[in-house]
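Here come two complexes built around chain A, the first alongside chain B, the second alongside chain C.
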Partner chain A sequence: MIRNKINILKNIIVLELAFLLVITPNLKSQELLEGARIWGNFELNSQYYFSDTLIGAPEVPEKILMNGFGNINLSYKDLTIGMRYESYQNALLGYDRRYKGNGIPYRFASFTRDNFEVTLGNFYEQFGNGMIFRSYEERDLGIDNAMDGLRLVYRPLDGITLRGIIGQQRLFFDTGPGIVRGFDTRINLNSVFSSLEENKNQWIVGGSVVSKYQPDRNPLYNLPENVAAFAGNLSFARGPVNIGSEYAYKINDPSAENNFIYKDGQALHLTGSYAVRGFGLLLSAKRIDNMGFRSDRNATGNDLNINYLPPTTRQHFYSLSSMYPYATQPTGEMGFMSELTFRIPRETTIGGQYGTNVTVNFSRANSIHKEKIHDTIPVGQTGTDGYHSDFFRIGDEKYFQDFNIEINRRLSPTLRGLISYAYINYNQNVIEGYIDKEMVNAHIVIFDVTHRLPERRSLRWELQHLYTKQDNQNWAMAMIEYTISPNWFFAISDQYNYGNEIEDLQIHYYTLSAGYSKGGNRFSLSYGKQREGVVCVGGVCRKVPASNGFMLNVTSSF
Partner chain B sequence: MKSLFFKFNKTRYIHVVLCFQIFFLAFTSLAQRTTVLPELTISTLDGREVNTKTLDNDGKPFAISFWASWCRPCLKELNAIEEIYYDWQEYGFKLIAISIDDARTRANVLPMVKGRGWDYEFYLDENGDFRRAMGVGNVPHTFILNGKGEVVYQHTSFSDGMEWEMFDVLLEQLDQND
Partner chain C sequence: MYIIKKILLVAIINFFFFLFAGCDKIDPPYMTDYEGGNGNDEDVRKVLLEEFTGHRCPNCPEGSQIAKDLSNFYGDQMIVMSIHSGFFSEPTTSPFDYDFRTEEGEAIHDFFGVSSYPVGMINRKSFDADRLMSPSAWGEAISQIIDIEPDLRIDISLNLNSKAKQLEVNFNVHALKNLEKQYYISAFITENMIIKPQRTNNPDYPDGVIENYEHNNVLRKSVNRTWGEQLNEEPMFPGDVFSKSYSVYLDDEWETENCNLVVFVYDENSHEIIQVEEKPILN
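After this line comes the complex of A and B, so read on.
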């Protein structure tokens, strides 16, 4: 056994020596690597856990858990190679436990020559808005559906991009069972046709097709082994006006997500904006019907999604306004959002000496209309076509609504303030999967004030309040942060669930934190309690359990 | 007794060899390390594709900031720089702001930046190719490049006052240019 290992080590040493012999003379004589570029980044998140039965923080047998990863890449002339080493010892609470141990789940080599690019190994890619294909990573959510296979990108003419992909998707330290193939084309008409080059109307059209293959071993149903999805998009710009549209269609794809119905899927996403200096208006709308698309029909949660269905709601970033975040419902929803951003000019009565920024946002998501396919068959019955749906008819059930306004103003050379109000309706049954919870109606008010102090120091404080009669009822939050720019910060905060109807659960979730950053490095250490909740990025969410303990975060880029 | 020495299989063996090679290449190339921008495709806010090699400032230093419309420190940074941007422009400096917003918020970026009256040069890096190629983990992450397009400074996160430090670095680079 030991001899075997020694032999393997010997082999590695021999390989390395051979590598050195070949490379080193070249380095000296021909400066082979002159012009090579190396880069990467590293991140470590670790937490020491205390059990806290009151807030629901469980006993953690390991006491300390850690997620860490590092990317290292090298490019030389037309070649780029890279890899990511990941380590979970074990994964932090709230992350999927299938992230376990160490490995190199991401490695690639890509080669670019003229207008042609080839990637071997892992890659991230998106077609259009991603409604039929998007492979991406979102570390905070533990999402990484990187493709492992081949990607070709070809730009035959200025303004035309062709992309082809094939491979399997990452599933923790493995890949999913399905094979994903796709082709996308994107044409900027103004670049391609010289007659349109000077035209004020800018047109971009695109189309894509993606198909997945997974064998059918189901004893009961005859399931499609190849499922194709198609999408077309068109965008138009003229001066301050921008319009974007995308329609996607997927053939029937019975899956665990749609309760194994044989209905086809559709999605439509429209955006329009008008923007001039000091004024911006955005309108967006979408309809999604049975558009869950995964490379394993049995997958659930955030596993093996081939596509990405963006929600049309605002992503809040204050702790209480993000307490009730929306997540797209792939089985069906209709949504609408409008956002107005404007600046009241400086040195006016309302705008003040330095001007004022205002953002007003409204969004709403509802169910889609669903009708029985037959009197005796309930909507969504397994093994049937599921339901009929009128494309333009909005369903009766409200999933989410958010009205919010934010006013940001510099009050003096050393004082800047923000005030925000939001009224959110949040359907817990649909978004979190409960069956008997009430709609949460929450009013949230936020003050955020920054005082600039001498010697590039600053003091920032936040006061937040959330009022609701549902769920855990009222919350108050206060935070003070002191920064010594550019390196240090210290903060203390407390979220207090003072309105909880159970007196013992009127808990203070306090946190103390400090951090240091310099160059591409950042360290932060904090101690405190974290409430149970949902973390969302880009409309995709992960539940985080309550916890109590020390947290260490280290990030570094080079 | 279970061996503490990790088990080798073929895949892991190849991985180990690959790691050695990459680390070797990385460290041997440190001596010749250059920090110029990679060549990748990003897009303008109205969807036209642009190669990152074209990002420059006519031989003067400039800053590149990775940000997102949903990232509060990023908005603070862009607001803070805006307050002294007139001084930056006096010296010919500029800020190139690369949004990493995805399909959810991408359409918000143009009305937001126009509505706020920011005068920076904006691009979208929706697939994260440029972000990954610059080793950017979290946003905001800001780089300063000298007149030759070489990265001379970087900073992750933002705290008030950092806009002045960036201004100082830009001035230093201008002096070195002269």
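After this line comes the complex of A and C, so read on.
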């Protein structure tokens, strides 16, 4: 019954949008409805694939694959409606093959009246840090767990926000089997209490509850059909100091992710920062214990996550320093990160004529302590309470460690340079799910230099080197990019696995690319080889297979 | 006073949400009571689990254990066919130099787009938009269809020429309902108790290898090619019987007493299997 109503709603919204699209080409939005605004964007990524057995690029029967989407939104007074059309013909390699065909998986209508906001259809939302609820889209990872249902937001007082959500999560062109419902309260104490208005100490307190329902049809186990998670957070700010904390708890939630154990889950995330001009210090720590939370207990991979566990590691963006990225381990992890940023003043011996920015970062993630619940029952045994864990005890196994330093300096009015060093320890067995791989210990050095040339042109080049005795061993990388602002860029790069102990696999992964931008449109075309690897955003990762071919990217916005 | 009233309202709303948050605390025992298979000869719907596995796949023994648990639970109503295919099945150096793969298994693997292991299909049917399911989902999927009245009954008769290792197969498919679609019949040989090494992530095996692992229900060969043969051209009505006969040679390497014949009928368009049957080659 509810599904029928939702389907009717879907159709109404799609028809409304179709109507608007049909009548708008000959009319400006202002002519259609005074004060109305229409905006959107479009993106197409397509690749022509060549088989390459040496790098492991598979034969692609379709030869050409394409991911494309377009958003169209309209707002008029307090009403906003929108939709996203997606097309996968078929999905690019590395994306889940269940992204297939065409459809409108995202459409919504929302209106606001007297501090009360209603959203019907799809929406993204996050409670606190997301440790018990975050619906979001990360296109690079192929993640979209948008909710499909209702969202209500009410602000009864300045400084108080109440949010309620209910619905199902997107699963490719369908929705997952579970129903997710939640409520969140956020109170800015300084706004609510007039006596604190002028106080320099700023306090925000919040609390959330999220529960999921999924019927139990498992013949072997008695499973909880309703699973709830609770979270509370407190943040404090005073001048340059910010402190944040969030604790989450989840009751028994046997699932494919935790090997169907009945243990409860907990997570604690603490952050602190101090930032003044020319100096910044960031500290963060977390403990995660059995906090995978999905709207389908059988889901694996990146499917149907209800929550998001924030990372405490630095995200690298250069190709060799991002070769070994860390993926958050929802089943158990203790981690911390510290980052110090400072500026050496200009016109000093060390700082040079223009000053120098330095960032030093260190992060580490370990297992949590786990102990058998009984002598005869292995840790994590299916159909048991799993294990005992001492909250403050760090496990023995190192998952990841990263020490890196980055020095960024302007050398002349037309020359800027960056030098970076990173030492990364990467536990392949835990992060990538192997059982017989060594810990990778990698040293990475990067140079990045940009020359500003006359007539709005620039030349940027990178040299990178990765040294390791493990995995595929040593890599070197060089890249040169020429930009004619604001329209053109041309680049050539090569990643060379010269240290591979198998001589045939000492391969050059070269890429040639060019792009053109004008107004809201951008086109780029490239040809090259892509090495097999892992791409991560915010501690969430997907494997990228090797490929060889032409790539076309088109984006447009209006 | 106004602010206090509002805060009180917020507190009351929160209290009710926290109080009524859906929450089922399960107390031990967590396992259900096993009842075993139906154990009678009535016509029942049988279910096929096609398990995609590989001897170098460390998580696959856990999947096979779930298949075994379910098979024990459902008895003869559940049939398993383990398809060694894909990356983890590729033979490497010793001890994983044996090649379990079959041409038919690779074709099925590729057709259904298998990319993670272990994974399985229950009657090749989509459940909650997924045809390929992780082992934890198999039981739930089976429970949704196993009590549905059967559409067909498949009778198997076998005649083995032991010397020539030639197996004569005859299927009689009895329609039990009106069936208007086009169906195909597909048959395969499987083998149990193949003792070969298997990768594992079980901490009891520190080197990650179970040397004498018992591989069961291993797909060996098709009887009538990968996708079988068309069963009917016209709609079927209760009482209709369709017969098909085939002949297949068994490989010398296979232990005939451990081999079974698995036959199923599936919808040509949806690929959904509507009935499956299994019989040992040596009765």
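FYI, the second predicted complex is superposed on the first by the 526 of 558 C-alpha atoms of A that agree within 3 Å, B and C clash if a C-alpha of one lies under 4 Å from a C-alpha of the other, contacts with A are read in each partner's own complex, and residues count from 1 in each chain.
Note that a residue touches a chain if its C-beta (ideal position, glycine included) is under 8 Å from a C-beta of that chain, and two chains touch if they have at least 3 such contacts.
What you see is a predicted model, and the numbers here were worked out from it, not measured in a lab.
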Side-by-side fit of chain B and chain C on chain A, or clash: fit
Partner chain(s) touched by A:R457 [first = chain B, second = chain C, both, neither]: first
Which of chain B and chain C A:G278 touches, first, second, both or neither: first
First, second, both or neither for A:E125, with chain B first and chain C second: first
Partner chain(s) touched by A:H388 [first = chain B, second = chain C, both, neither]: neither
C-alpha centroid angle, chain C to chain B via chain A, nearest 10°: 140
Chain B versus chain C as contact partner of A:G244, first or second or both or neither: first
Chain touching more of chain A, residue-wise (chain B, chain C): B
First, second, both or neither for A:R522, with chain B first and chain C second: first
Chain B versus chain C as contact partner of A:R113, first or second or both or neither: neither
Minimal inter-chain CA distance - chain C and chain B, angstrom: 12
Residue ranges of chain C in contact with chain A within the complex: 3, 6-7, 9-10, 13-14, 17-18, 21-26, 28-32, 58-59, 62, 66, 69-70, 73-74, 113, 115-116, 128-130, 133-137, 139-140, 142-144, 199-201, 203-204, 208
Residues on chain A engaged by chain C in the complex (per definition of touch): 97-98, 156-157, 160, 162, 164, 171-174, 176-177, 181, 183, 185, 187, 192-193, 207, 209-213, 217-228, 230, 251-252, 254-256, 259-260, 262, 296-301, 378-379, 383-385, 433-436
Of all residues in chain A, those that touch chain B in their complex: 1, 5, 8, 12, 15-16, 19-20, 23, 27, 31, 33-41, 43, 71-76, 81-83, 85, 103-104, 107, 112, 124-126, 129-131, 134, 136-137, 139, 159, 161, 188, 191, 202, 204, 235, 237, 240, 242, 244, 269, 271, 273-282, 284, 308, 310-312, 315, 317-318, 339-343, 355, 357, 359, 408, 410, 416, 450, 452, 456-458, 460, 483-486, 489, 515, 517, 519-522, 538-539, 555, 557-558
Of chain B, residues touching chain A in the complex: 3, 5, 8, 13, 15-26, 28-30, 32-36, 38-39, 41, 45-49, 70-72, 76, 79, 83, 102-105, 107-108, 110-117, 126-129, 132-138, 141, 153-157, 159-162, 164-165
